[in-house]
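Below, chain A partners chain B and then partners chain C, in two separate complexes.
Our next item is the complex of A and B:
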């Protein structure tokens, strides 16, 4: 056995030149796409704005409709879309690697069901839970997500032993069903108007109405990202199987814990900000793998960038196609993502 | 005659002998119809109401038997009603009651001519329950009340108004606005307002911040059937300050109206219209 033991958080050595140049190329490509999308998206919308007027500082902001549309309605949406898209897509990659299951999504382990239950309780039973920059519904969904993650973790994790992916998956699936039942129960007890609002929350919404909610979610996603960057090499080795990964010096237990913690953190932040927007976490990683292969050192950053692009583009469609009536963005991602994913499945089968 | 009309009105086709008109035992699954029944003097015949009924106060002591999605057939049958008021979409429940020989009154929620529809429903209920004269009086009272409001606001500028019928407390998310059809849209017109979404021929829509900034309403009027939890309206309305370029926000024309009389298409619509008019045209009511 190798004399040096790799810790989970230290990238494995041996990332030679080819990988580095491929990484640079991939990030440059997907990064350009993401930047172009994020620059173009705020310029388009259900109405047209005069950009010069919007940026004219001599007009007071309070009376400048173009500036308000740009800075209150569109920019926060685009930034929220980029943040949520990147978080869900990269969490998807990490969960798929952790569970060694291509069908895993950020929602497989019950994090979003827990978040949804928290949100439903506040929407339907009322009450104020606002904490710091978080208003009541996101605060409650964050609490629910944390609770769900803690339960799954406690079930699948023994002291210093490798997490069983089977137990993780079964615990997640069961928790999803359990929370879903509670969600339906809470909805059943509620008034019509509240049920409608609750159902709407479950479809996902990026119209966050300002930068504050984004700033509230940012630290969670940023902390997750800081952990993500150190995982890919270990995830590559664990993708084969955990025994051979430990034989090659990966601290499997620590890697699993960090992967679970960081992906849950990113998912919680994303869901608290925008609701459970489906399909990003599964379609984007698979599409990216199709384009760049399966090396996590490349798949992870590329998925984050492409997830941002995909969600910002879907939201652009959501807010313009039927304007002034808006399509919930979760419907757009699923309508585009669903058939595409089926096509992938059939093709690979 | 009354019985013949009643049979047509309830469109039931059962041959069960109709009891004497005054003796009908009625279960109502529709809160607005419950209000109408009490208004036309048929309240004492009501033996059961929906889980959402709270008006008039008498209904609180009546058995609650479910509502649109969960009518409790067993409890309703146990109340031995002669007539059950159901929603137009409750086909299964209706079929079950018919099988039990119970007449049904089918309440349909009209997206157009909703105010007229409400008056028609009251008239029909009068016929069905044998309170025709009182029903006629109620209809006249409502019509007169609405005309008083119409006259009060006639010729005044019609402020471009956005009716907010739902919003996630403390945020500008999950907003439902009244579209260009439906009962509340008609109420707004009577009260001398112009719906900013009158071209959107739907009952409700969910406008984005961008849409709201673009339509720039002169008045923002939030309607709630009951006071929600938390600090409402109070500081909760201050979230609108984010959208400062909306004239309603700039000119402090963000208001809340709380109460069933505003949002329920029942016998209190003239009061509802007046409450709206008092917000939209405060000067006219000074």
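Our next item is the complex of A and C:
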């Protein structure tokens, strides 16, 4: 079998080409797609807007309905979608590499369950937790996510020892179940209106209500991205074999810690902003791998860009499918992602 | 076992114990092992299951840190060398490789270049040329763009050896490289290793359960039992029925095989 057979199957993969040109091609391709999606998506919706009128500065903003729809209703939503999609998809790639398990998601290790419990407590028990740019519910969900990550980390980690991925997985799955039970318990104590609000949050929604929450989540995701950039080569080697990676000069323990920390950070920021939007973190990396192969140096940036595209597109469906009713985007991603996940299981099992 | 001028890789009184979770108790795996490996030699590590062969290899590769003792490479302590620097001299070939992702054979081989690159540096044409050379010398160039997981056991092991070669090491540490292979592939991989040892002057240290393979390839044998080194010397002197009994509690017939051109071991019965 020669090179062309496989490159024909995966037009962007072309592992015959040097990595540099593959990387440039991939980023250009997925980047263009992401930009086009983010430019087009705000223009579409249940009510059509006149772009010229929306951008006409001579009309006062207070009376310019087109501008209000574009800048208040749609643009924050698209930007939130891009940020959350990129964060969850790239966190998915990093968690999958860390756990050496392509079926892992950003929520496998309990970060989202912790975030959800935090959000539930504030929604149902009330109280204000607002910190800096964070309003109460995101602040509480961030605290919950941090708590969950800290518990899982402490369980799986010893001094100067390689993390046990088995313990990580078991701790994550158990914590997910335990926190879910607590969430149900808290909901049981609440009245119907609170439960409805809580359930709505748990579906995951990009209707974030302005630019401020996005700006609050941005530093977390940006910090995670700054760490992500340094990880892919080491993740590649650890994806082959952790001992071999170590024998080749990879500091496996340090890489695992940075990977766990950065992916948890990105996930926490995304969930605090938009709630636990499922399936992005697994669907996107897998689609990307089908297109570009398995090299994490390419999969990671491609997943971030395609995650942004995918979530913004899903949200466009959520806004328009049953217009004027807007469904939470988490329902759309789950309806697309659920069957896709099963297909993956069958295919890889 | 004085370290002569040709001595390359030396273990000095190495001890290691695996920590046990929770209880703080430890399981000794290697006790007080000293071993000098001469440049260009082919050393076999023999011993029963759990005798510490793999642990000793990991200690010599710097994957594990010894509890006491040290490893030196050309007189430099491994503990004082950055991992990447050590990895430019030593490569490890594990018994099995199960990647979690669908890398191509070429991608696996290119990862051997890792210790020669900065963490965020992409491999260039020079690295690609070395990868091609490594695939060629292991007879796997035609597999370059195939997914690693779609290859047969023998093809995989040759690709993993190619990946180790791409590291351009002076020493290959091999952990039962033929254990999961059928007879044909065993001979194929053995011939490849012998050729690499002779033509590329790569120093080899190989842990194995296959006494006949060791007899056919190794000029030096080190015998381990219960984490301790019990014999170390030239294959002809060390591979005796007495030593086989000492190691495995098995009576064996050790004879020189004319047409094979090396000692052969025929196990007869278990004793004790």
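For the reader, a short list of remarks on this structure follows.
Just so we're on the same page, the second predicted complex is superposed on the first by the 327 of 349 C-alpha atoms of A that agree within 3 Å, B and C clash if a C-alpha of one lies under 4 Å from a C-alpha of the other, contacts with A are read in each partner's own complex, and residues count from 1 in each chain.
We take it that contacts are C-beta pairs under 8 Å (C-beta built on N, C-alpha and C of every residue); 3 or more make two chains touch, one makes a residue touch a chain.
Bear in mind the structure is a predicted one, so any value in this text is a computation, not a measurement.
Upon superposition of the two complexes on chain A, no clash is found between chain B and chain C, which fit side by side. Touch criterion not met for A:29: it reaches neither chain B nor chain C. By the touch criterion stated above, A:102 is placed in contact with chain C alone, chain B being left untouched.
Contacts of A:137 after superposition on the shared chain: chain B is touched, whereas chain C is not. Contacts of A:233 after superposition: chain C is touched, whereas chain B is not reached. Of the two partner chains placed by superposition, only chain C is touched by A:295; chain B is not. With both structures placed on the common chain, the touch criterion links A:146 to neither chain B nor chain C. In the superposition on chain A, contact is made by A:323 with chain B only, not with chain C. Contacts of A:248 after superposition on the shared chain: chain C is touched, whereas chain B is not.
In the superposition on chain A, A:68 makes contact with chain B only, while chain C stays out of contact range. Least inter-chain distance for chain B and chain C in the combined superposition, rounded to the nearest angstrom, is 40, based on C-alpha atoms. Shared contact residues of chain A with chain B and chain C: none.
Those residues of chain C lying in contact with chain A across their complex are 19, 21, 58, 61-63, 82-87, 90-92, 94, 97-104, 106-108, 111-112, 114-115, 117, 119-120, 122-125, 128, 142, 144-146, 167, 173.
Chain A makes touch with chain B in their complex at residues 45-47, 61-65, 68-69, 72-74, 77, 123, 125-128, 130, 135-137, 188, 191-193, 196-197, 200-201, 205, 207-210, 319, 323-326. By the touch criterion stated above, chain A contacts chain C in their complex at residues 1-3, 5-7, 15-16, 18-20, 23, 96-97, 100-102, 158, 161, 229-230, 233-234, 236-237, 239-241, 243-244, 246-251, 289, 293-295, 297. Across the interface of their complex, chain A is touched by residues 52, 68, 70, 165-166, 168-174, 176, 197, 200, 202, 205-211, 213-216, 225, 228-231, 242-245, 250 of chain B.
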